[in-house]
Amino acid sequence: MGELTHIDEQGRARMVDVGHKPETAREAVARGEVRMSSQTLERIAAGDVPKGDVLAAARIAGILAAKRTGELIPLCHPLPITRAEVDFRLDRERSAIEIEARVATVARTGVEMEALTAVSVAALTIYDMAKALEKGMTIENVRLVRKTGGKSGTWERE
Amino acid sequence: MGELTHIDEQGRARMVDVGHKPETAREAVARGEVRMSSQTLERIAAGDVPKGDVLAAARIAGILAAKRTGELIPLCHPLPITRAEVDFRLDRERSAIEIEARVATVARTGVEMEALTAVSVAALTIYDMAKALEKGMTIENVRLVRKTGGKSGTWERE
Amino acid sequence: MGELTHIDEQGRARMVDVGHKPETAREAVARGEVRMSSQTLERIAAGDVPKGDVLAAARIAGILAAKRTGELIPLCHPLPITRAEVDFRLDRERSAIEIEARVATVARTGVEMEALTAVSVAALTIYDMAKALEKGMTIENVRLVRKTGGKSGTWERE
Amino acid sequence: MGELTHIDEQGRARMVDVGHKPETAREAVARGEVRMSSQTLERIAAGDVPKGDVLAAARIAGILAAKRTGELIPLCHPLPITRAEVDFRLDRERSAIEIEARVATVARTGVEMEALTAVSVAALTIYDMAKALEKGMTIENVRLVRKTGGKSGTWERE
Amino acid sequence: MGELTHIDEQGRARMVDVGHKPETAREAVARGEVRMSSQTLERIAAGDVPKGDVLAAARIAGILAAKRTGELIPLCHPLPITRAEVDFRLDRERSAIEIEARVATVARTGVEMEALTAVSVAALTIYDMAKALEKGMTIENVRLVRKTGGKSGTWERE
Amino acid sequence: MGELTHIDEQGRARMVDVGHKPETAREAVARGEVRMSSQTLERIAAGDVPKGDVLAAARIAGILAAKRTGELIPLCHPLPITRAEVDFRLDRERSAIEIEARVATVARTGVEMEALTAVSVAALTIYDMAKALEKGMTIENVRLVRKTGGKSGTWERE
């Protein structure tokens, strides 16, 4: 900052420099779930929800959110996503909808935040569309499952 | 839709009509948490994290996200938020950062989604800023705690 | 503009003043269509398109776009939409998908642009999802069908 | 998606993978038109319209929309546009304003949607600015005219 | 925040509560200027600038930015703007373009930030469009000139 | 534009073509300041301001705005920012907060506008958060300080 003295030498938020890193293929997979009563789960499965087809809307919302991650998360680098998928699994035993997002790019940094954001917004959309049935649903266990590419290579949740 | 025949009579997503509802004061409180190792928690508490002051950034990100809820969640009504707050509590026993968002409006429908979105984006921001320390953090228990106002009145999580 | 002299007395773009108008219930209906070959139409109807379920995605895209009309159309007033629906009809005789959007608000000005924007973005989404099958599709006849409410009252296309 | 079972094996919307494609120069040209009465056309030509200079506003709106295509069209890849132009021609014989958009990029996929989106939003802006004169205007014949670059090479409308 | 203990009792950013305030008519006027060489000023006046008509683009950019103020300024309330105008004056004596924005609303809080944001983004647009001619231009004296309405009533710069 | 005749041969705004330029490392540094009374300055320094921690919020707002420059400035190219920092210096002698933004990219055109936009939005955020204390603050001297990279090489303000 030239002649300017930093007000606080530590703790200033900043988007860290990735300009020196090479562009490489990177992928991230994230998961999460929405817990709900079995009645709510069955009505979503049957497509019988006041606001309409829950999973189709949640999928689109998650994909769109992945593309806007850099606008939502202050210090995230904007990245040219080359692929985005959001899928669901109805888990009747645990009375939950599992969400999985896969995002890929060719860039200087990874797409972990894009995958986690896609899962989170898909989960919020499920909540929104079914909340007339059950306000007590919870979003749980939003987590990175795997990332590949970049200098740090592959990371996999144990 | 006049003479047009609906392709699918059921399951079509739609933003439901709230035009006939009166504008009333409404509030929603949501909470969630980011689970992490005690080492990561202490470094966030000490402000010693590569991307900078985690909680200040997460607070701003959460408030901004509350205002953009209608852009992210497909069938949410856009609402004129009149108040938004995001707070944190370090829970060393459970090794987690608890997040609470309070959002208020004077509108025809409630701000539950705004509060939940603020919590989710604040949680994602915490993850982003500390992920260089620990990729295995998880976002847990994102939930509505209370809503007041509107025809359905007060709802409180038991 | 006080003592400032306008550079050009005429022709300056501006968002016209609606502050003196009362808030009233308003609705607008718009329609348009995407023309395509009968083969493309049948593959969309069958859900057999590379990018996935065309109409579900187009519906969500149209509804989301209605909410962002004020960001896209420079001199449009931002309005609190209270209802938005997008529907489709497969017209095999004319080899087209007809799109209809209905948008409502309680505001100082109407939602014609919101309905037309929803139709346009739904049409663009259909094009995008089916363009691997047929690049020659055209978007036709995007038009206001009806508006109600406000000082000028009901307008209906003849 | 690992051990998760897809809910619906077919028809799931997804942003298709383009990560393996090389970055190449690409261009797309799209056109469309706004049909109106000759009186409205002459008032736009004369700059005598309540909201101001119609074509300057429509041009800016179209260029800005091209840059936001990835936010509007759910499964579009975000692309770094390297050029965007929007032009108009007053067609007095057909009583229409013709709109043409040219967009270029160096990327892994094409800018057809960016060009079509620019035309559509420019057309909507023309409608918005002149709708006080004539609500019955229609947007017609929004179409891809030509694309160049990429593996599939040049496509030209016959 | 119920039983949660605030991490920092003071200094937490928050969107302050305006829900109890009545909706009233409010207006704000802001001004600023872009200083440049007389040569650059004359080329802008003549419309002879590489990127095109500077003032038309700056006007549209300023109006659009006014509508997005709540997205840009973290603790600003989103407001339904009812009017927005941006005007310019070429000041050859001081070799500057003066910018004035007027914004109005009927809302619970004022539009000072909307007017200041419109001026700032119009100024940045002027800079962008003329920077090929002169990189040393400066944006000066961006200020509130007057606000009316609300509990605090009229404020006028002396 | 093929056979179409341009309505106005000159002055049409356009995003100029940068597709032929190579991608190179580029950086820009911009500065500006917010002038205020010494009382306001001391209250910001002490963190004693109604809306909360001013500089942390302004820093985040500036960084986020840098990423959205292409949405705000009509003819700016969207760029993949690789680094963004915003810093402040309290200048008690001149009773001002100085703001500095540094932005870097690897792209076909420079990030001057991103740095200037970050400074402007940080300045607006300071104004917003302290305006309850003093409405007469002014934003001054927003300027490019230095740019490096690209064909035109280094430019430095004298």
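In this document, chain identifiers A, B, C, D, E and F correspond to the written order of the chains, with residue numbering beginning at 1 in each.
Keep in mind that, in the parts below, contacts are C-beta pairs under 8 Å (C-beta built on N, C-alpha and C of every residue); 3 or more make two chains touch, one makes a residue touch a chain.
Computed from a prediction, not measured in an experiment: that's the story for all the values here.
*Asks:* If you list every residue number at the chain C and chain E contact, are more than half found on both copies (same) or fewer than half (different)?
*Replies:* Different, since most residue numbers here occur in only one copy.
*Asks:* Could you report, rounded to a multiple of 5°, the rotation needed to superpose chain A's C-alpha atoms on chain F?
*Replies:* Rotation angle between the two copies comes out at 120 degrees.
*Asks:* Looking at B-E, D-E or A-F, which one is a repeat of the A-C interface (more than half the contact pairs shared)?
*Replies:* Equivalent contacts to A-C are found in D-E.
*Asks:* Of the pairs C-D and D-F, which shows more C-beta pairs in contact?
*Replies:* If we tally the C-beta pairs in contact for C-D and D-F, the bigger total goes to C-D.
*Asks:* Distance-wise, how many Å sit between the C-alpha centres of chain B and chain F, to the nearest whole number?
*Replies:* Here chain B and chain F have centroids separated by 29 Å.
*Asks:* From the C-alpha centre of chain A to that of chain B, how far is it in Å?
*Replies:* Chain centroid spacing, chain A to chain B, equals 14 Å.
*Asks:* Can you list the chain D residues in contact with two or more other chains?
*Replies:* 12-16, 53, 56-57, 60-61, 64, 68, 74-75, 80
*Asks:* Answer with line, ring, star, complete or other to describe the graph linking chains that touch.
*Replies:* If you draw each chain as a dot and join those that touch, the picture is no line, ring, star or complete graph.
*Asks:* Give the pairs of chains that touch; include all such pairs.
*Replies:* A-B, A-C, A-D, A-F, B-C, B-E, B-F, C-D, C-E, D-E, D-F, E-F
*Asks:* Please name which positions on chain A make contact with chain C in the complex.
*Replies:* 53, 56-57, 60-61, 64
*Asks:* Could you please specify the touching residues of chain C with respect to chain E in the complex?
*Replies:* Interface residues on the chain C side: 1-2, 4-7, 12-19, 70-71, 74-75, 77-80, 107-108.
*Asks:* Which residues of chain A touch chain B in their complex?
*Replies:* By the definition above, chain A touches chain B via 10-16, 32, 47-48, 50-53, 56-57, 60-61, 64-65, 68, 72-76, 112-113, 116-117, 120-121, 123-125, 127-129, 131, 135-144, 147, 155, 157.
*Asks:* Please name which positions on chain F make contact with chain A in the complex.
*Replies:* For this pair, the touching residues of chain F are 25, 29, 55-56, 59-60, 63-64, 67-68, 80-90, 98, 100, 102, 104-106, 145.
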